[in-house]
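Think of it as A, B and C in the order they're written, each chain with its own count starting at 1.
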Amino acid sequence: MTSLLGHPAGGEGIGYSFSQPTAAPVKQHGFYPYTDNGGSTLGITGSDFAILAGDTRSTSGYNINSRMVPKVFKIGGDDETGEGAHIVLSVVGFAADGNALKERLDAVVKMYKYQHGKPMSVSACAQRLSTILYQKRFFPYYVTAILSGLDEEGKGALYSYDPVGSYEREQCRAAGAAASLIMPFLDNQVNFKNQYIPGSGEGHALEQKKAEPLPQATVEQLVRDAFTSAVERHIEVGDHLQMMIITRDGIQEVFHPLKKD
Amino acid sequence: MDHFPGTWGRPRNDVYGAYDPTYLQTTGPKTHTSSPAVTGTSVIGVKFNGGVVLATDNLASYGSLARFTDVKRLRVFGDNAVVGFGGDVSDMQYIDRLLESIDIRENYSTHGNMLNAKNLHTYLAKVFYKRRSEFNPLWNHVLVAGFDVDGKPFLSSADLLGTTFSAPHLATGFGAHLAVPILRRRFPEEMPIEEITREEAVSALKDCLKVLFYRDARSIDKYSIAVITKEGIDLKEDEQIEGQSWAFAERIRGYGRQTN
Amino acid sequence: MFRNNYDNDAVTFSPQGRIFQVEYAQEAVKQGSVVVGLVNKTHCVLVGLKRNAEELSSYQKKIIEIDSHMAIAIAGLASDARVLSNFMKQQSLGSKMTYGRPIPLDRIVGQIGDRAQTNTQHYGKRPYGVGLLVGGVDEAGPHLFEFQPSGLTHEMSACAIGARSQMARTYLERNLDKFMDCSRDELITHGLRALKETLSQDKELTVDNTSVGVVGMAAEGAKGRIESFKLYEGQETVPLLEALEQSESAGAGEGESMEVDS
């Protein structure tokens, strides 16, 4: 149309605004869809059990939202109480994503049982969780997940994830705000890192103490110690400790008080 | 006047400046809310023995301008659920219409509207989360008050990101800083809500509103308060903060007339 | 079977105002083996008679759990029932997800009713060849609904559909006043007795062919609000069948006196 009007190109005479609308500059969005709700989680397995734990504090910035927002969930239970579940998931990071992730996995496990007439194995569930996370590779669920249960042989199984779905099976894992405080403690106390057998060699060339599965009572105490220590040094961790203890008899859920400061 | 009829009567750039064609743009990326426009400030709520109280002031601000001074920010859903809205007022009105349509649909069923406050909160959190995931947020932070399926008092929060949490007393926005400490002092967390009377809860919220009015520049001294019990909802929308004392202002130093 | 002019599709009325395809679909329900459902104040019980196509084959499933608060019993084309049950499962999970509540029964029954009706009004579609008994509990207590291929749904106190179900219905009608206040176990026995009425002379209720499903409100002091759906099949039905036998021997005299009365 512009050329039909015979309007001369700019540069001479009086200018008029006839130029075709140019594409508007792409506006940067002012909305950030994530937040960090703090908190920490921890899982340790034994030969015939697994424990998954987390604190129950929810924060935004320096505010405490609530002192009782659990991060550890039963997956695939028969009803609202979670009865009949044999898999446990913990999520820490952005709580809304965590909840969405939990509900999706829960629905998947329920549908699996409905369609196949048998409960989903922990290893299958672990693989599925990885897929769910990876499907949102470019708009991730901003959470660190830990999945736990008993494997086909009845041994404690624990899988840890990054937000986009890479995962591995481990003996123990800490995640969330105080992960960097708890994990070294676990390395030392569960995998016996830097522990040497006295008198097993010359000078400092000592033999490493070999890691072996710990008894349940020891692990429970380790978890509680890990959290009481984390609470001392991290402001986003505290209020209550929620523990899910998975054995062949089912899942036992217990709460312990933590410092509220 | 020039010899190009197409330019006759058109604004000249040397007089009016170049026209910015982006204003007429119909194509281009779809835009979403990236900041709220007209906003409401804090919502505060407390559970007590047999119910929940919720309160907001009646102001809708446009930036720092006190734009609308008679906006009801407590919305009733069904027989015993109330939603208190903070944040964008147009989004509040959208959600209100949404809830209205759900209420109507629900009432067609044989047993009437059976969605309780907890169901409502779950639903609202899902709506918020869905919209934030589409990068088109509903810019609100709400408190939902009422009862859960067992008939126990229920008070929970949901925000524009879909974050949810529940506690015996809650406050959004400025209230999280100013009201929560007051509420926590009156009703320590280990205190069971059965020991809190309705009168105590109401008077605590009134005091919180007063403190918020003193210190939150986006607040006003007209407020709404809703008491939700099994008997129903007692909603008052034209209340006035009583017993103000600005004596403390005399002692404020550091700006204005007393600079030190 | 004689040929009818107005039965080529499900969207054409006969001059008498009938839709033959829908009626034929209802015949499919009558061909299916019988299922019985009944409710009292706290529970809903579904019982079904399973059939095996031949001696060596497995028995066809009659009761399908939809969710912890709801199940369906089917009579007719099992594959059509599967479509409906998948749909119901989806809806139920959806309701749990969006509202955090178990879907009210009248709501979901309305939805499958609407779906079935659609099939009777669109060219190229066929009605579902299955009837359902939808049993479960929601906020308002236990419910039992009957669903027909026409899309018709009714809330029932007790109901039986499928082959020879008239015998069961007769039993249910005669004993209706006893159901409301009876116990959970008595309700199961009533269901089984109704089921037994439909059997032909040479048939028996066995652990192989009997299916029982129970769902109800939780007993006082129990964990959770509802007693989740439980399906009894195979050896689990032994105590239920024993209770049936006991009630029959106990009620034998009473039964005879009733005959005399009438």
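The rule is simple: contacts are C-beta pairs under 8 Å (C-beta built on N, C-alpha and C of every residue); 3 or more make two chains touch, one makes a residue touch a chain.
As the structure is a prediction and not an experimental result, all values here were calculated from the model.
Enquirer: What's the chain with its C-alpha centre farthest out from chain C?
Expert: Using the mean of the C-alpha atoms as each chain's centre, the farthest one from chain C is B.
Enquirer: By raw count of C-beta pairs in contact, what's the busiest chain pair here?
Expert: A-B
Enquirer: Using only alpha carbons, which chain's centroid is the nearest to the whole structure's centroid?
Expert: A
Enquirer: Go ahead and note the Å separation of the Cα centroids belonging to chain A and chain B.
Expert: 31
Enquirer: Find the geometric centre of each of chain A and chain C from their Cα atoms only, then give the gap between the two centres in Å, rounded to an integer.
Expert: Chain centres of chain A and chain C, defined by C-alpha means, are spaced 44 Å apart.
Enquirer: Centroid from C-alpha atoms only, then distance chain B to chain C, rounded to Å. What do you get?
Expert: Comparing mean C-alpha positions, chain C is 48 Å from chain B.
Enquirer: Check each residue of chain C and list the ones that touch at least two other chains.
Expert: Only 97, 225 qualify.
Enquirer: In their shared complex, at which residues does chain C touch chain A?
Expert: Per the stated touch rule, the residues are 65, 68-69, 89, 93, 97, 223-226, 228.
Enquirer: Applying the document's contact rule, which stretches of chain B touch chain C when the two form their complex?
Expert: Counting only chain B, the residues touching chain C are 109-111, 114-115, 118-119, 122-123, 126, 149-150.
Enquirer: Taking the touch rule as given, give the residues of chain B at its contact with chain A in the complex, in rising order.
Expert: The touching residues are 2, 4, 6-7, 10-14, 18-19, 21-22, 24-25, 28-29, 31-35, 125, 129, 132-133, 135, 137, 157, 161-167, 170, 176-177, 189.
Enquirer: Going by the contact rule at the top, pick out the chain A residues touching chain C in the complex.
Expert: 78-81, 83, 103, 107, 110-111, 114
Enquirer: Quick check on the complex: what are the chain C residues that touch chain B?
Expert: It is residues 97-101, 104, 106-107, 139-140, 225 of chain C that touch chain B.
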